[in-house]
Structure formats: C-alpha cells, structure tokens
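We just call them A, B, C and D in the order they show up, numbering each chain from 1.
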Amino acid sequence: MKKRMDEKAFKALLKDGQSIMVGGFMTCGTPETLIDWVLESKVRDLTIICNDAGYPDRGVGKLITARRVTKLIASHIGLNPHAGEQMSQGDLAVELIPQGTLAEQIRAYGAGLGGILTPTGLKTVVEEGKQKITIKDQTYLLEMALGADLALIEVAACDALGNAVYAKTARNFNPVMATAAHTVVALTHQRVADIDPECVVTPHVFIDHIVLEEV
Amino acid sequence: MKKRMDEKAFKALLKDGQSIMVGGFMTCGTPETLIDWVLESKVRDLTIICNDAGYPDRGVGKLITARRVTKLIASHIGLNPHAGEQMSQGDLAVELIPQGTLAEQIRAYGAGLGGILTPTGLKTVVEEGKQKITIKDQTYLLEMALGADLALIEVAACDALGNAVYAKTARNFNPVMATAAHTVVALTHQRVADIDPECVVTPHVFIDHIVLEEV
Amino acid sequence: MNAKEIIAKRVAKELSDGDLVNLGIGLPTLVANYIDPSIDVHLQSENGLIGLGPSPNPGEEDKHLTNAGGQFVTLKDHGMYFDSVTSFSIIRGGHVDVTVLGALEVDEEGSLASWIIPKKLVPGMGGAMDLVVGAKKVIVATTHTNKDKPKIKTRCHLPLTAYQEVDLIVTELAVMEVRDDGLHLIEYHPSTTIEEVLSLTEAPLHISEAKPMEGTNHE
Amino acid sequence: MNAKEIIAKRVAKELSDGDLVNLGIGLPTLVANYIDPSIDVHLQSENGLIGLGPSPNPGEEDKHLTNAGGQFVTLKDHGMYFDSVTSFSIIRGGHVDVTVLGALEVDEEGSLASWIIPKKLVPGMGGAMDLVVGAKKVIVATTHTNKDKPKIKTRCHLPLTAYQEVDLIVTELAVMEVRDDGLHLIEYHPSTTIEEVLSLTEAPLHISEAKPMEGTNHE
C-alpha cells in the first residue's frame, strides 16, 4: 500500500491556519483518530468545514473545545454548546450553510465548477450578500465552490490502491470531501484485497494518504 | 413489482413533440427495445437528449434515420452520418454540448439546481449567447439545468422496488438521466431479490416504470 | 392520546402508497408509528438512507447506522445508503413527496421559521431549508401554541427557514391548509371548538370548510 | 518505427508512477503500448472507468465494456466503473494528471482546434473540451503536418477546443513546450534537423534548448 501513512507523517501535513474538511454527520463517520492527532499537533487558527460542530468531546467538537478553530463552516452547531459560546464571545466565526448547499459547494469544487445555482435559502438570511440569478422566472442564489487544504475522511475499507467503500450512514460527507481538498487523508479500519468494481464509492485517485487503524 | 410496465402501457406514454433523454454511450447502455417501441409508435417531432447520435441503425440513431427527431442535444454526432446530413439540410436542429457540461446540466435538473458554472467551453463557440460569471479572477460559463419529459434508461438489474445497478461502462449517462425527467422508464434485463444497500446506484425513488426483458 | 400523538396520527393520514417521506427530528419522527400498515411509505433520512426501519433492539445498535437526529435506527428490506450529495439531490430535486417538520412560527403565507432564535438559540438550519424548498408537499407538525402564545402567525417574526413553501399545518387542535388567499381551517379536534382555535391563532382563518378531526379522539 | 509509433513512444515518457491519464481516440491510444512497465499508470476512459486494460482476446469481448471510442476493452485489477457525472467530475476537477489528444491545429499560445471543420466535418467535441480544460497537463500528440501543411500554427484558424491550455506538443519530428513566450523546441528527431522542423512549423520556435530525441530511432 504505497499511500500508507503513519502518525508522524500525518502530523507533518498540519499547519497553523489550514482549512480542513472533516467527514461525518453528528460524528457518525468522523475519523476520530485523525482529529486526535490534529489536537496533539498543537496547530491552531484552523478553518473547519464539517456538517456540524460535533459534540464537546467528539468529532470536530474536540478541536473547538480546545480552541484550535477560528472559523467553522457547518450546517448545524446545536449539539456543541462550546461552538455557540465561542461564537457569542467573538472567538469563533461561524458560517451556517444549508446542508444541501454545503454538499453542493464542496462537490462543485471537487468537480471543477465555480459554483451552482440553488433555490435554497432564497428570502432568508442565507441570501444576504449573495448574487441572485433569475432563469425562466425562477430566482436562484449563486453559491460558490468550497475547497480546503486538507480533507480528513473515514472509510470502512480500502484496497491496495485506495479505492474506498463506506459503512452505512457513516458515508455522508466523506465521499464528496475526498474530491475537494488539496490533500486527502483517509482513515480506514480495514484493508481488503479487492472491491467489486461496480461498488467502489471513492475511486483511488481521490485519496492521497491512508491511515490504517484495524479494529 | 408494482412498477412493471408492458409495451402497450409504454407506448401510451409517448406523444408527438416530447423531449426524451436516452441513456447510453455510443449505444453501450442504450435501451434498444424502448427505442424500437418509440419507432413503432409513430410519434414524431421529438427532442432527443443523448450523449451522441448513435449509429444509423442503433440507439437513438434509429429515430434520426426515421426522421422522428427535430432537435438533438448531444456531445457527439460523428458516428451517424444521417445526423450531419439532416443538420446540413436544416431538418434537424443539433445542439452540441461538451460531454461534461451535458452531464452537469442534466444532473442540475435532477438535483433541483438552476444551473452550474463551468470553465469548459470558454473562448470557444460554446460560450456564444451564454452568461459569463467571474469569481476570484476565474471566468465561468453559466450552463442551465436540462430536464426532459421522459427518460429511457437501461439497467442491468432491478429489485422489486426498482433499485437499480448497471453493467460496467453501460452505466454512463443512465443514472443521471434517471433523476432528470418527469417520467423515467428503465429497461432491465434481470430482476433480482435483493441488492446490497451499499451498492445501489439508482435508488428506486427515481424510477417510475420498469420494462423487464430477460435475456 | 396526548397532543403529540394526535398530531403524529393526523399527519400520517396525509401519506400515500409509494410516497418518499422525510420526517424531521422530534415530533415528526412519531408519525412513523401511525402509518397505515397496508401502504408502502419510504422514509428518507437526509444523512444518507431511504428505507428507515424501526429503532433497533437494545444491544443491537450499529454505530454506523443513525438517522439525521443521531439516533440509532435500522434499514428495511430494499433500503439503501447514499452520500450527502445524493441525499440532497433527492431532496432539492423534488423527489421527496412529503416532508414533515416542526416550527417555531409558521404564517398565513406558508412561510416557516424553525431554525434560529437570534442571540438565544442558534443551532443552524441543518437540512431544513433544502427540505422545505425541495419537497413536493411541506407539512408543519407543531403544537398550536408555545406557552399559550400562538405559533401560527400573520407573518413570521423570526428569521425564515423558507418563504411561502408550507402546504399544510397540523396541530393538536387543528388542520390548516395554506392557500393563495390565506389559511383554511379544514379540521378541528373534537375536544375544541372553532372559536377556541380562532382565539389561539394569530393569523386569520377561513372556516367555511371546517369539520371535526376524525380518528384522533381517545383511541 | 513509423510516425505514430515515434509519437506514442515519446509521449509515454511523459507519464509518471501513479498518474491518472486519459488517452484520446486514435493515435493517443497507442501510448498505452509504450508505458514503462515498472510504473503504475492508471488509464481513465471518460465513458466511465479507471483501470483500462489491454484489448480482450477475440471471442472474449463484453458488449458492456468499451472505451470512449466504442472499442471493446478490459478492466485491470483495482479498476472501477462510474457514471458520466463522476467521470467528468474527475476530469474537470483537476484529478486527471495527463490528457493526450490529437489536433487539427495547435498554436503557439497553446490553443487547440480538434473537433470541427465547419461545413465539412462536424462530429462534436465529445469530452475533449472538458479534458483539455480540466487535466493538469495537456499533451497534443499529432503528426507534424497534414498533407505537408503545418498543423502547428501561429494562431488556430479552426474553432477552438480550448484556449491556451496545451502544455506540450509531440510530433514525429519534434517535442515542443508551450511557455509564456511561445513554443520552445526541446527535442527533434534524429532523422530530421532543426532547420527542417522550423520549415514545417508555421509558429516561430525558440530553439536554444533543442536536443535530439532519444530512444525513438529505429528500435
């Protein structure tokens, strides 16, 4: 497995001020070990892009609790009171984005698109500051592509090249984030010999490094 | 199989002037039997949306040869000389679209987006008449969502509800077209009891009718 | 039958055979308990599945199988998993027949506020904005009042989840349709009166079609 | 070694271990025959696969397994299938390291014309526009001239496939890099001379780095 990476090499990827996408939905499908390594590395001023703020002691919530995050882009922060507190205190900039728009913005980046036109958020605070485009009497918001320096994803299994499959609803944002960052690190719990070529969810070309943590 | 449809019911869906998306790539993955039924039905003035014009006697090419098509939206027509001839004679309006843009336009419709911003086609004839949008010094073409009245797709197998999988490169445009038409008819060559829930490519909710043609 | 049960049972009657339905977190989740067993309703959970089954037995929870509220769930036969992009393509693309969700406020134009109380509660919109914009039918399932204050307003005051997208409002007291000319009271619970419903509703209601709600009284 | 073989073999030297590569229809397809067997190069076919293998043995063709030229192919171990949307997300999203394609004309600014001769040949652009815009490195593999007329122009006259996207031009006579100041002749075939290359090229060429092409002479 040429792409296999150890803890030391992973930590060498990290830098203050990086933007990091993290897979998972309320921490289901979040690569906890990679988050722990980010914590241990002491990097700070991070921009985190994740569906939600996790819990205070789980998922990206751990990074927020430890005050390593200065900006959070997410669809929901309700399960982590630290996120709301730090936002109120002005210590954490939070950009709340509708979940479907967040998924499309990340997808757009990974697919080489500049952005997409969505009806979601029209006539709400979400439209503030955004360009509107009307096509055949329907108005849309122009939402721009969103990429990151690093994507940390969790997969259920990888083959030797890094083709990946996911476990049930732990899939969520992981596949799209694997397309949209300069460097993509996958935490896998299993290495398998082969994956049915009809069932590969993330082709190996999207994954740069693999951390193997067998359970 | 509640969604099972026979030839007669299929033909009753057809109307003059309809827009029909047809899956397949150079006829690999094209539902030939459904094309044959369209031919037999005598409908005309069709708008066909397909990756290519097929061959004179295969795929959507059969409809072009029979002069049932007044507009063709495709990325390539080189394998069907009838398409070029009818275009030159003014009998067939051909809109040539870059293959990736065509895929994204259809996807946008199925995903409820108004359109997407792509760099493909900039400073070529493709940009003519289209809105350009510049984001952070990069200019994009605004390409609009593209749907159809009917989508005719070919799948390898369906379960009782219509969950579908495809065969190898016969997948191509079939899954995205299944999302983007008012009525979606799948020609399947096999009915299976179960599909692994991790490997379903087209969830049953996209497929309205199933024509079973066992081989 | 308590208020939540009345609402859930009444909402369930709106679902038809073959519908793809998204049930929001909280009260809307209860609707699943009242779906007519003779019809096939496919429940979507926006974190990535269609075919939501009942809660797992204790000890049989799978940490990789949750709903959008983070609760452990199961998958029915012919269910399937997909990623967030596909999930919201299904939602935004108009492939969800019915979405049921709660409200902080809903108004006579069908606008909904459900995701933020500025400076008090800022959880975020999650998938609600996409669901309300994308679903073919939007049902708000909510208690009629909040601490005796009407939740059904002439105009929402809180920041909107979506503008003019709600089709039906179901409370423990009333069923109201949103039409071009405003809210129509089509059913009221037998334990209340039209007058009481009117007094507990800020928005004006058309009452000419009002009938007693069936099948939700002390069963 | 004929012209096509010289070109294919020289292009193959541009590929590195781990690269994802798309080879266009026709001449570029031959590049696969010359890839260094000690490296792993992953070939994509834009109709929906990565891991393109050799042609199938006669009688073993699978009608559901073709390349973007409609020819029967095979899939290597660890290859996989995907749909057209994913295929072009990979392409447009910058995940293809090298794309190799033919040309009707290519110019000193790196603009390419390859898809249409108005009123004569209108096949359509297929996936070429996305490939040329999206790939990290664009290599044009073409004969140096067409019926003795230069294909490497100061400016393309035919409708463009893409504007200023080509990085390298490989012909049977020369290898030229596209740089900000124009075309640089970096290699010429031992069977020709710099003077001959200049005479068969409409665009001006910088020649200070020109060296004989290695490993393509009568092997």
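As a convention for this text, a contact is a pair of C-beta atoms (placed from the backbone, for glycine too) under 8 Å apart; a residue touches a chain by one contact, two chains touch by 3 or more.
Quantities reported herein were computed from a predicted structural model and do not represent experimental measurements.
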Smallest number of contact steps required from subunit B to reach subunit D: 1
Partner chains that subunit A and subunit D have in common: B
Pair joined by more contacting C-beta pairs (B-C or A-C): A-C
Chain centre separation (subunit B, subunit C; CA means) in Å: 35
Distance from the mean Cα position of subunit B to that of subunit A, given in whole angstrom: 32
Rounded Å distance, subunit C centre to subunit D centre (Cα mean): 55
Rounded Å distance, subunit A centre to subunit C centre (Cα mean): 29
Subunit C residues counted as touching two or more neighbouring chains: 49, 75, 81-82, 88, 91-92, 133-134
In subunit A, residues with contacts to at least two other chains: 104, 107, 111-113, 118-119, 166, 168, 197-198, 201
Touch-based graph of the chains, sorted into line, ring, star, complete or other: other
Interchain pairs in contact, sorted by label: A-B, A-C, A-D, B-C, B-D
In the complex, subunit B residues that touch subunit C: 2, 107, 109-113, 159-161, 163, 179, 194-195, 197-198, 200, 203-206
Complex interface listing, subunit D residues touching subunit A: 18, 20, 42, 49-51, 75, 77-82, 86, 88-95, 133-134
For the subunit A and subunit C complex, residues of the former touching the latter: 25-26, 28-29, 51-52, 74-79, 84, 87-88, 94, 96, 98-101, 103-104, 107, 118-126, 156, 166-176, 201
Residues of subunit C touching subunit A in the complex: 45-49, 62-70, 75, 81-85, 87-88, 91-92, 119, 122-130, 133-134, 159-164
Of all residues in subunit A, those that touch subunit B in their complex: 104, 108, 111-119, 131, 133, 135, 138, 140, 142, 144-145, 165-166, 168, 196-199, 201
